[in-house]
Structure formats: C-alpha cells, structure tokens
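Next up, some structures in structure tokens.
Below are two complexes that have chain A in common, paired first with chain B and then with chain C.
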Partner chain A sequence: MTKRFKFSNLYLLVVFIILYAPILFLIAFSFSEGDSMSHFQGFTLSHYSALLRDSRLIIIVLQTLLIALLSSLFATIIGTLGALGINQTSRTITRNTILSFNNILIVSPDVIIGASFLIFFTALQLPLGFSTVLLSHIAFSIPIVVLMVLPKLRELGTSMVSAAADLGATNWQILSKIVFPFITPGILSGFFMALTYSLDDFAVTFFVTGNGFSTLSVEIYSRARQGISLEINALSGVLFVFSLLLVVGYYFLNQYQQSRKLKRTTREEDIL
Partner chain B sequence: MAQPIVKLNHVSKSYGDSTVLKDINLELEAGKFYTLLGPSGSGKTTILQTISGFTSVDAGDVYFDGQRINELPPNRRKVNTVFQDYALFPNMNVFDNVAFGLTLQNVKKAEITRRVTSALKSVHLNGYGNREISELSGGQKQRVAIARAIIMEPKMLLLDEPLSALDAKLRRDMQYELRELQQRLGITFLFITHDQEEALAMSDEIFVMNDGVILQSGTPVDIYDEPINHFVANFIGESNILNGVMREDYVVEFVGKRFECEDAGMRPNEPVEVVMRPEDLTITTVENGKLVVTIDTQLFRGDYYEIAATDDDGNEWLIHSTNSVPDNSRVGVTFAPNDIHVMRFNESEEDFDARLETYETDD
Partner chain C sequence: MKSKTANLFYFIPYSLWLFLFVVAPVALILYNSFLDINHHFTLANYTTFFKSGTYLMMTLNSLWYALLITLVTLLISYPTAYLLSHLKHKQLWLLLIILPTWINLLLKAYAFIGIFNQTGVANQFLSFIGVGPQQLLFTNFSFIFVATYIQIPFMIMPIFNAMEDLNQSYINASHDLGATNWQTFRRVIWPMTLPGVKAGVQTVFIPSLSLFMLTRLIGGNKVITLGTAIEEHFLITMNWGMGSTIGVVLIVAMVIIMVLTGDAKSRGGFQK
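Right after this comes the complex of A and B.
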C-alpha cells in the first residue's frame, strides 16, 4: 500500500516537473546577463528594468487587459441574455439547433474564425484595430458564456419561476430576484472563462488586428520571430507571478467564504 | 347558494392530440375544503393550473369571485399555490422565502416581520426564520411553502399533492394540521391527491376525476356509500363489485339470488352492477347467512382482518372482520338491504342525482 502511494506521488511530481520546467527555465533566464538563452551568464535585473522602460510593451499589456475585460463583459451580458432566450424556447428542435450552432463556434479552429472575421471586416470596410479585435473577441466569447449559463438555467427549472409568479412577481421581478441570483455562479464562471480565452487568444487577434494595435500574444510572436530578447522572459516572469497571486487569492477568498458560512450555521444552531 | 368563489364553465384543454380536460364544470363555495382525487395523468394539476393561471384553457370560462379571469396572468390572480416540489427559493432563508410576496408589494418592514412571524407560527415553525432552506427536513420545507402562500391572505389556496413526499406518519400529522389550518383561516382549499384515504379524511367535498372528466362530486360519505360507477367504487376504498339484474324497484338479483335493496327508479330487469363494501359484510353461521362462502386467506391489518373468500358459484368476496376465522372453513355472510348499492351502466352524475331525488324524498 505504502509502495503504491509513493509511486503515485512520484508520478505526480514528474508530471508537474514536465509541465512547469519550461516556464521555470524561461524565468530563470530572465535573470541572466547576456542576450540569449544559450548560457546562463550571471545574475542581473537589467531585463526587468528594460521591461519597465519599454513603454510600448506596457501599453500593449494594458491594451490586452482592456480588450479582455471589455470583451468578456459584453460577451457575458449578451451570452446570458442569449441563454435566457434559448431556455425560453419551448420546441426542442429549435433549441437543439441553436445549441448546435453555438457549439460549432466553440469547436471550430481559431484560424478559420479569425480568417472569416478578417473577410467580414474588410468587406464592411471597417478599419482594422482596437474595435475589430474587440468585436471578434466578444463574438468568440459569447458561445462560451452561453455554455456556462445554460446548465444553471436548466437546474433552476420552472417551478421556482412559477412560484414567484404565483406570489405576484412581475417578469422583471422574477428575473432580478429569482433567476439572476440563482444563475450568478454560471454567469461568473462564464465571465472568467471568456476573460482567459481573450487573454490567451493569438490566432483570431493576429488576423483582425491592424497597424498600431497589438495584444500581448501577437506582440510576443512578432518579437520572437526576430530572436527572443530576454525582456520577454522578464515579462513572462511577471505574468507568471501575477497569475500565481490570482490563484492563491481566489483560494483564500473561497476559504474565507466557506468558513463564514460554516460559522453562521453553527451560530444558528446554538440559538435554536 | 352564495356566489361560488371559483366556477369552471365547460372548460376544455388539449395538448396536441390528447384532450386533457373534457368539458369540466365545477363550482367551489367559499370557505370549504375541496379535494380533486384521481389517478396519475387524470388532469388534476391541469385543473389547478387553470385556476392559478399557469394553463390557458382552449374553451370555456374560468370565473373567480364572479369575474371572468381567463386572460388574467398568474401574478395578478388572488389565489396562491403550494407546489408539489415546494419550489422554495434556495438563495433566501426561511424568513425571506415567506416574506417574498409581501416584499414585492412594498409592505413596511415592521409589518412584514409581524406577518412572517405569525405565518411561521401558524405552521409551527416559530424561530426557524434564519434557517437556510437546505437545512430543513421535508416536512419543514412543506410548512414553509404553506406559510409562504398563506401570508398573502389569498381567498383560495391551491395545494398540488403537498403531502406526497412525506412519510406515512408525518403525512397523517400534516393532514390534521392542514384541515385545522383551513378551518382556522376560513379560506377555500383546493387540494389534490391521488390517495383516496387522504381525500376521505380531509374534505368537505371530493371531485373524483379520471381521464379529464369529473366522474362524481359529493361529500366523502356520499361518494363512499353511493359511488356512481365501477371506476369510482373501485378507486374509493375496497369493494366487492358484482354483475346483477334489477328485477323491480327495491329488488336486485345477483349470485343467482334475489335481495331486498334500497335502490329504485330503474327499468325492470335492467342489467346493473352491485357494490358491497367489505366492512358491511358480517360473518355468521352457515344457517343465518344470506350467502355461504369458503374462507381462502386472511391478512391481519391491525384493527381488522381482511378476509378473502369464495362463494359456491365461484365469486370472490372481500370481507373485513374484527374476528379471525379459520382458513378453509365454510361460513355464512349476511348484510342489510342498505349495504347493497346498485349502479347503472353509463349513468351520468345528473341522471344519478335526478333518480335519487325520485325515491329518496320519502326518507
């Protein structure tokens, strides 16, 4: 028994090393003097200071975040309304058709979506840049939000809605007091999924962005083609620590909420 | 009779090809406890929904308090429903669930607190206001659902099989409580069940349904003692149902013998069905018996023995007796003329009532 336990631990360790080694390798070299990743040449923070002085890169980081926040916000609103609409359709055929169209957008390769957006925007003669990137990010995020919200709506069912109407709630009151509070977890996870998809996206953005506007993934790609500078490594290091902090923060937030809930119920039991 | 609080007038409803309600006529008086009783799929919930507004009728009129409400949406109808699955709001605690309807009407905080407290009290849940819904037992959830509905002070409460998810003991307790609550509040209850004992125990009046039709309505005693047809007789309680012939008024022939009975108003020699309740049959000696049967099996039911027996012609009988009888023994069975109930084939409820009028006036 103990033997097997050790083996599974070992397995886990190996997997994590394989997953994290490239990232750690990258970050390690961000502290290296010199300009390439061929040899480690002594400790320095110069790449980080170069990063801070590189205002173009910082602006691009901010643009990427702005696009991600805006697009996931709009996608969440539109996607949630869409999910409500799909949930309302009474005929199963209609609903399944809409859902299939929704899923096709998620499954189809980014390259194809990017190319078709490019054709679409040029046909409309929209200037490529911030607005086209934003529009396309909103578009590919909507199906994700729909997919996250619909199961919660299913779970809600009809009887609670009927009960609210029975007690005199108008359609708006039903939506705001019953439906939205119930599906909020779905909406939130839809929002965060959309956020990560937008931050991650390379292919679609690559197609629809124009001169003077870039996101981080596209920028890194174009710099990497000219041979990677260790400034990128420094940026990766910063981003990695940032996401690590996010995950840790999320974990503690969860812990805090759970312990509060637990406390409240035990307190009530004391009273009763 | 005073103006009915609810009246359904020739109401019909279909889903696609299947007709779920067929020309339903029904009147409910204020302040009574009514029960809709019928097997699964007979249309009970659908009738309830035509009153609460969640189903629109295809034909006919729905009146509430004298006003036609066919087009009125559910949130503007002055009835409230206790749903079969409770439909409590999981994101609110007990207090907020019960207060929900009042908060929508912008009632003052102090008033809400007062009324929620009294509603919770009337369902014996004082002090449960801060509980989460997930921390309640089935019976407690049921009570919260009732409190949430009665706090609206509706003129009428619709209850869709509210007790079906409870265990037998709790169910009996809740039957008493519901009946007592209805009498205390003095509002009309329309209660759905497919449990005939529950219907008999609780109701002022029962509507027996099958296949989208109301077969019979009446007090529990009427329906039990004078079922209109085979279905009702079978559905309400256990019974012995035999084919017979009405020889003349007050004389019916079955199992090859003629018996005095208390039914009349039929054609001479009309084929009929005869109903006899197991508890109306009394076991006696072979000499004193109107029938002679052989005991097959018996089951002890706590307050009586349920005895299965066969007579000499091969008809099977079900008899309830307080005393045990040896298996395979031959015994006599006796009964009084008023223990026999004669049913005509395909008689409608109006015809049945009209026929009773013709000869029951003299008692």
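Right after this comes the complex of A and C.
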C-alpha cells in the first residue's frame, strides 16, 4: 500500500516538474549574462534594466493593461445586465437559445473570432487599432461574465425578490438592496476572468490590431520570431510574479466568498 | 409584471452585443466564404477546397494532430486528476496546476524555442546520454509536445471537477460487492467521470485545430493546421474568401465535436 502511494506521488511530482520546468527555465536565464538560453553564464540584472529602459515595451505594457481594465469593466457591466435579463426570461426555450448564443464565443477557436471580427470591422470601415482591439476584447469577455453571474442569480431565487416587491420596494430598491449585494461575488469573478482573458489573448488581437497598435502578446510573438533575446526572459520573470499575485488574489477572493457563504448558512441555521 | 420594462432595459446592450459580435460575424464569415478575391459571388472556394487534395489533406492532418494532442493530454491528465482529488489540500494543488495557464502562451512557446534549439537544454541532455544532438525544434514532435504541454491544465480541471462530484460511497459499495480495482474503475469511476472527460476533450480538441502561433514558432510551418491556413489567407495572402471557407469548415468541425461530446455538464475553471 505504501509503495503504491509513493509511486502516485512520484507521478504527480513528474507532472508538476513538466508544468513548471519551462517557466522556471525561462526565468532562470533572465539572470544570465550572455545572450542565449543554452549556457548559464553568471548572474546579472542587466536584462531587467534593459527592460526598464525599453520605452517601446513599457508603452505596450501600459496599453495592454489599459485594454484589459477597460474591456473587463465594460464587459462586466454589459454581461451583468445581460445575466439579469436572461434570469428574468420566463420561457425555458428562450433562455436556452440565448445561452447557446452566449456560449458561441467561448467555444469558438480564437482564429475564427479574430477572422470574423476582422471582416466585421472592415465592413464597418473602422480603422484597425486601439478601438477595434478594445471592442473585440469587450466582445469575447461578455459571455464569461454572464456565465459567472448567472449561477449567483439562480442561487438568489425569486422568493426574496417577490417578498421585497410585496413589501412595496421599487425596482431600483430591489436591485440595489437585494440583487446586487447578493451577486457581487459573481460579478467580481466575472471581472477577474475577463481580465485574464484579455491579458492572455493573442490570436484575436493579432487579427484586429493594425500596424500602429500592439499588445504584449503580439509583441512577444514578433520578438520570438526573430529569435532569442533575454529581455523577453526578464519580461516573463516580471509577468510570472504579476500572475502569481493575481492568482493569490483570486484564491483569497474565493476563500472570502466561501467563508461568507458559510457564515450565512450558519446564521440561517441560528434563525431556524 | 412590472419588470417587463426593466427587462427590456437590461437587454438592450446585451442583445446589441449578441447581434453585432456573435450573429453578425458568423453571418459575415459565411457570406465571405462565397466571395472570390474580387468580391463576386462564387462557389469556387468550396469546389477548390473539396477538389484539390491539398486542402483536404491539410484538414485531415489538422484533425489528426488535434486528435493526437487530445489523446496524449488525456492520458497524462486523467491519472493526474485522479491522484490530485485524493490529496490533502487539493484545492491548493489544483491552483498550482492552473497557475501555468496564467503565463502568457507566447512566453511558454518562447521557452520551448530555448529548450529545443540546436544548443538547447534538451540537446545538451541528449548529447550527455550519448544520443547526440537532434533536430528538435521545427518538427512534428515538438509541435505535439508543446501543444500538449499547454493543454494539460485545461484537461485536468474538468476531470478533477468530475472526480470531486464522484461520491466515495459508490466506490466503497463496489469494493464491498467484490469488484476488483479494475472493475470498479471500468464500471464506476470511468462512467461517472466521463462528463468531465468529454468537457476536457472539447476544451482541448477545438483549440488544437487552430494553434497557428505554435505551428509558426515551434512547428516551423511543417505542420499546417486549419488555424494556420486561416491566418495565412487572412493576413498574408489576403484571400479572405478562401480563408472564410476554411473558417466555415472549422466551424462545422467544431459543431460536430460539440455534438459528439454533448451533455458535458461539468466545465473547467474556478466555478466550483
């Protein structure tokens, strides 16, 4: 029994090593002197200082962050309103139809989304650049927000809302005092997912960005095609720490939600 | 009900999105697939696609590679998900599986350029064990390896969720009734985690058809997937009609896969 246990741990260890080795390898060489990823040649921070002096890259980082924040904000607003709307549709067929349309952009390959958006923006004669990238990011983030908010709305149910309505609450009061406080965790998760979708996206942006505008993924792609530059390694080091922070943030957000749920159920039990 | 007007209000931005960014782009890609390079209506794209062996071979090739990637990913992920679900602090371990997905895909591809190139770590290792350096980068092997590496977490997540839904008492009951480990696996565990497997196959297979950045950076254009062909036609040769036709084929392939892996309820991600 103990032998099998050890074997299974070994398997997991190998999987984790495979998952992390390339990333750690990348970061390790960001501290290497020299300019290739084959032999480590002594510790240096020069690639990081080169990164800081690379004003083109810094502008691109800022653009990427701006796109991510703006697109997640708009996607969260539109997606939340959409989820509220879907939740109120009384007929199951309508709801299921809307939901399957909602999911099209989630399951579609990036290339299809990118290509079809490119045709769409060209048909509208929108100049490719910041605005088209922003619109695309909003568009592909909306469905995930809907999927994050909708379960919360279902959990809320109808009894509280009808009770409030019976007691004379206006629509706005119902929304602001009952619905929004309850679904806020879902909205936050949606915003978070939208943020990661936007930061991670390469293919869609690659299609709809013009010559003048670039995001980090597109920039990394074009630099990687030119070969190895340890400045990209330094960049990946910075991004790794950044995503670590995001994940930890998300983890605590989830924990907080769960503890709140726990508190609420114990409170309900107390009342009963 | 009085919420009718409110309902309408929620739906305005959402349905605008639904129409402009879901329905219209799909319709446009379908419409474009019937246009030749001078914007005249034609069926030529489809006849070219089905008559010239090149496109059909490319499609089959792309499906074959996606199948290989999905199979290898599943073989690695299923035991991992199973073992993970039996660990203490499993949510934390799952988070560690998910963390690499937050690192930009392009950076991971770039890491493999460093690992697989002529003087890279992989070749140093091969020389060390006496095999001698091999051409690793720009081969079909490296494409499958990197694609699998990228997809593993997306396969583990839904299977892990299905494992979590699996009630331990069924397994105990099966053992109590005298089933062997293999019988328990085949008759109880596998059928009950099948929805997770289906969801995983769906999330891995479809994107694997369109990983054009990997075929360019890692596959060295030796592997041409449907995604590569679409990117080529849209952004390089500017033959949008043909690109859209391949896009329609990709959409059809996607729908077939969705139907085959239908009723997949448990989705990956943080929803749990």
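The definition used in the following text is that the second predicted complex is superposed on the first by the 232 of 272 C-alpha atoms of A that agree within 3 Å, B and C clash if a C-alpha of one lies under 4 Å from a C-alpha of the other, contacts with A are read in each partner's own complex, and residues count from 1 in each chain.
We adopt the following convention: a contact is a pair of C-beta atoms (placed from the backbone, for glycine too) under 8 Å apart; a residue touches a chain by one contact, two chains touch by 3 or more.
Since the structure is predicted, the reported quantities are computational estimates derived from the model, not experimental observations.
Colleague: Sticking to the clash and touch definitions up top, decide whether chain B and chain C on chain A clash or fit.
Modeller: Here chain B and chain C can both sit on chain A without a clash.
Colleague: Once chain A of both complexes is superposed, is A:P181 in touch with chain B (first), chain C (second), both, or neither?
Modeller: First partner only.
Colleague: Decide which partner touches more residues of chain A, taking chain B and chain C as the two options.
Modeller: C
Colleague: Return first, second, both or neither, reflecting whether A:L167 touches chain B, chain C, both chains, or no partner chain.
Modeller: first
Colleague: Of the partners chain B and chain C, which touch A:S8 in the superposed model: first, second, both, neither?
Modeller: It touches chain C, and chain B stays clear.
Colleague: Mind working out whether A:S159 is in touch with chain B, chain C, both or neither, as first, second, both or neither?
Modeller: It touches chain B, and chain C stays clear.
Colleague: Which value, in Å, gives the least CA distance between chain B and chain C in the superposed three-chain arrangement?
Modeller: Here the least C-alpha separation of chain B and chain C stands at 8 Å.
Colleague: Residue overlap on chain A between the chain B contact set and the chain C contact set?
Modeller: In the superposed arrangement, which is not itself an observed complex, chain A uses no residue for both chain B and chain C.
Colleague: What does chain A use to touch chain C in their complex?
Modeller: Checking each residue of chain A against chain C gives 8-9, 11-12, 15-16, 18-20, 22-23, 25-26, 29, 36-39, 77-79, 81-82, 84-85, 88-89, 98, 101-102, 104-105, 107-120, 123, 135, 138-139, 142, 146, 148, 151, 171, 189, 193, 196, 199-200, 202-203, 206-207, 216-217, 220-221, 224-225, 227-228, 232, 235-236, 239-240, 243-244, 246-247, 250-251, 254.
Colleague: Considering only the defined contacts, which chain B positions touch chain A in the complex?
Modeller: Going through chain B, the ones touching chain A are 52, 54, 73-76, 80-81, 83, 85, 87-91, 100-101, 104-105, 127-128, 130-132, 135, 148-149, 152.
Colleague: In their complex, what parts of chain A are in touch with chain B?
Modeller: Counting only chain A, the residues touching chain B are 159-160, 162-170, 173, 177-178, 181-182, 265, 268, 271-272.
Colleague: List the residues on chain C that touch chain A in their complex, please.
Modeller: My answer: residues 2-3, 6-7, 9-11, 13-15, 17-18, 20-26, 28-29, 32, 76, 79-80, 83-84, 87, 95-100, 102-115, 117, 119-121, 124, 149, 152-153, 202, 206-207, 209-210, 212-213, 216-217, 226-227, 230-231, 234-235, 240, 243-244, 247, 250-251, 254, 258, 269-271.
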